[in-house]
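What follows is chain A paired twice: with chain B in the first complex and chain C in the second.
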Partner chain A sequence: MASKLWWLIHKDLMIEYRTRQTWTSMLLLCVIIAVVFSLQVKLPMEHRTATVSTMLWLAIIFASQVVVERTGIAEHQDGCWDALTQYPVSASTIYLAKLIVNLVAILALNCVMVPLFVVLTDVPLLLHAGAMSLVIGLGSLSVAAIGTLVSAATFGQRQRGAVLSLLALPLVLPVLLSASEATRLAATNDLGNQWWRWVQFLGAFTIVFVTLGIVLFGAMIEE
Partner chain B sequence: MTNTSGSAGRSPTILGTSLVGVLLAIAIAAVYIAPSEQTMGDAQRVMYVHISVAWLALLGFAVMAICGWRYLVTRNLWWDQWAIAIGEVGWMCSTLTLVTGSLWAHAAWGTWWTWDPRLVTSFVLWAIYSGNLTLRSGLEDANTRARLCSVMAIIGLADVPLVVMATRWFRGVHPVSPDMEPAMRYTLVANIAGWTALMIHLVVRRRRLLVLQSQVAELQSLYETSQTQR
Partner chain C sequence: MLPESNIAIQTHQLSKTIGTRRVLREIDWSIAKGECVALLGDNGAGKTTLLRCLAGSLQPTAGQVRWFGQAVSSDVRQRRIIGMVAHESRLYQPLTVRENLLFAARMHSLSDPMKRCDEVLDRVELGFCADRPTREISKGMCQRLSLARALIHDPPILLLDEPFSGLDSAGCDWLLDMLRDRRSEGRAICFSTHGDDWKHVADRVTRLKDGALLRANAIGDATAGDALRSAG
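Right after this comes the complex of A and B.
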């Protein structure tokens, strides 16, 4: 399974490397979102930290919708998806490969987005880089797990983007709330029990959605 | 095909009318018999409907997910018809939960809406219900529709424990199991029972309508095939 998984990931990353169709638009979108959001933040530091933490995660979620949608569209061009489903590989392996590719893209997005928000808003999001990395890792994995699973439900739909947002955003909302709260506490140097509870909640949510994805992706993609 | 005329067709109507009568009696009890709450006065009475429909929205989603799971196991559209019926009635209950909650919040907190964890998770539940209905309306093939909506219902089930536990896990302003006088408690229990009976009745009726719709579609396709052959 590991070698098949690796080849599927390699295939998707190679396609992205050659075409640059997802990452370019995603990074451009996240820079625009970061700048537009930052323009609106003229608050005292305490309120600014809370607002920026939520804005950061909103920006990540919106940009990741683009990632998930574009990777799905790319797979459905020229019968690629039909060929992939004929290949002797389990649905859960395909799900894990897509999840990892989307996760890599969302993490890359974070590498740009977090420093950009720090520069534009002066909020010390990297005050505790380790704690922040944990929150970003778990939050990104949750968003990628939900997006990858839900995007399979929208294949072949007339208004794919709209339906994807409609299905994915409500599911992502608890991730948005817990990740932005954990980010706010980390940025205000408060890594106590409350921070740990939000991280645990985020971790539990991630485990639930990755497990659901592995179990249910087969039912999502069958013809 | 089942005959829906005569006594077989009338009995659900009689049942429905009786249920409306029972609900009216319960509503009268909620307004005139149950005592007024000390701090909120009469505005508190909306709680009898609010708690009943909130419970049904949660129950409806859990049952819809179970029907979805049964469909995925058996691939029998019979389960999906139940899921559709419960999904639609559950969505209505979820909407009523938000509306009645908002009315109560305005009287209790002086605002129609606040970002309390219970309110947020209830809104998420409503949005998941709505997403499921939208997904269903965008798909032509019955089996594809049933399969995808079943999976979405199972995924959405993750929100149900969050709604239930929101007041215990997170800090918020939403009340947690307030103390009630016996008369208030009996009225609440009667309301929950009445609304649950009405929901079951509506789900059964809606599901019956779906069966009739599928039978009409089947007959239409048979008629069209025979016309083509002629």
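Right after this comes the complex of A and C.
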């Protein structure tokens, strides 16, 4: 399984390296959101921290929709998806491969977005780099898990992008809420019980959706 | 009736409904080892759906498909039995010819994927363009590559959906030779077609009409049975 998982991931990353379709679009979208937001919003630091934390995660969630949609489209061209589901590979392996590819993209996005928001808004998002990395890791994983699962449910649908957003956005609301709050608290040097509770909530949510993805992906892609 | 041990694919009362439309109706059918069967029928007759059900990529609404006497199950290891060439290329366009084949070989966990790729590329005469991106090769070469992908794990059953479409006469001759070779190796082959190419290679022809199987004929009796609907 590990070998097949690696070659599935390798194939997707190789396609992205050759076409540069997904990462370019997602980075462009996020940079535009960050620049426009930083130019338009003039708030005192206390309010700015809360707003920047929410905007950062909103940008990541919207960009992740682009990632998930594009990786799905690439797989569906020329009937490649049908071929993939005919190989002797379990659906959970395919799900994990897609999840990891989407996660790598979202983490790469974070590596650009967090420093960019710090520079443009002066909010010390990296005040506690370790704590922030934990929040980013869990938040990105849950966004990727939800996106990958919902993407499977919308395969073959007309207006796939719209349906994908319609289904995924309500599901990621708890991620938006908990990740924004944990980010705000980390940026205001408040790593107490409240921060830990938000991180625990985010972790539990991530575990639930990764597990659901592994269990349900097969049924969702059956036809 | 074929002896059970000689049957590669068998369907029992196979039906498929998509939406409200009954695409396949209670099909009882079988293909023996080493037999090449042509599947004919008008557009929308259900050929592609039948092939996809035979390949296990589409779940029947009712009935059963068996490969070598085993019911098609969710056990992914069973899929090694089937090699399929679909109407679409099913190839990753940004990857090279060799990378597409290597990916398929790795998904089938072949022991020496690189060596096997070279062998199959030579067999389908695509060795000269192995490192070219798939999007840069012609439709006929894509068809060869699709066949190479289906053959990479040496499956005992080969299913092909309109494999002659888009091929020039030299390409058709090449494909016919390839199918004859596979048949002589004892592979069970089933292909759908609209043309007359089947006459040069098929042992048997079966016609589908509105999702129902018309009488299966030996080659010399290909048209006489069209009007006769049979249960199997």
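As a working rule, the second predicted complex is superposed on the first by the 223 of 223 C-alpha atoms of A that agree within 3 Å, B and C clash if a C-alpha of one lies under 4 Å from a C-alpha of the other, contacts with A are read in each partner's own complex, and residues count from 1 in each chain.
Going forward, a contact is a pair of C-beta atoms (placed from the backbone, for glycine too) under 8 Å apart; a residue touches a chain by one contact, two chains touch by 3 or more.
Treat the numbers as computed from the prediction; the structure is a model and nothing was measured.
Contact with neither chain B nor chain C is seen for A:Gln40 once the two complexes are overlaid on the shared chain. Look at A:Val150: by the touch rule set out above, it reaches chain B but stays clear of chain C. Once the two complexes are overlaid on the shared chain, A:Asn189 sits clear of chain B and of chain C alike.
Legend: residue contacts after superposition of the two complexes on their common chain; A:Gln77 is shown touching chain C, with no touch to chain B. By the document's definition of touching, of the two partners only chain B reaches A:Phe209; chain C does not. When both complexes are overlaid on chain A, the residue A:Pro170 reaches chain B alone and has no touch with chain C. In the superposition on chain A, contact of A:Ala219 is made with chain B only, not with chain C. In the three-chain superposition model, chain A touches both chain B and chain C at residues 222.
On chain B, the positions that touch chain A within their shared complex are 72, 117, 120-121, 124, 127-128, 130-131, 134-135, 138-139, 147-148, 150-152, 154-156, 158-159, 162, 169.
Residues 146, 149-150, 153-154, 157-159, 163, 166-167, 169-171, 173-174, 177, 201, 205, 208-209, 212, 216, 219-220, 222 of chain A are the ones touching chain B in the complex. Chain C meets chain A in the complex at residues 52, 55-59, 74, 76-80, 82, 84, 86-95, 99, 103-104, 106-109, 133, 149. For chain A in complex with chain C, the touching residues are 3-4, 7-8, 11, 14-15, 18-19, 77-80, 82-90, 218, 222-223.
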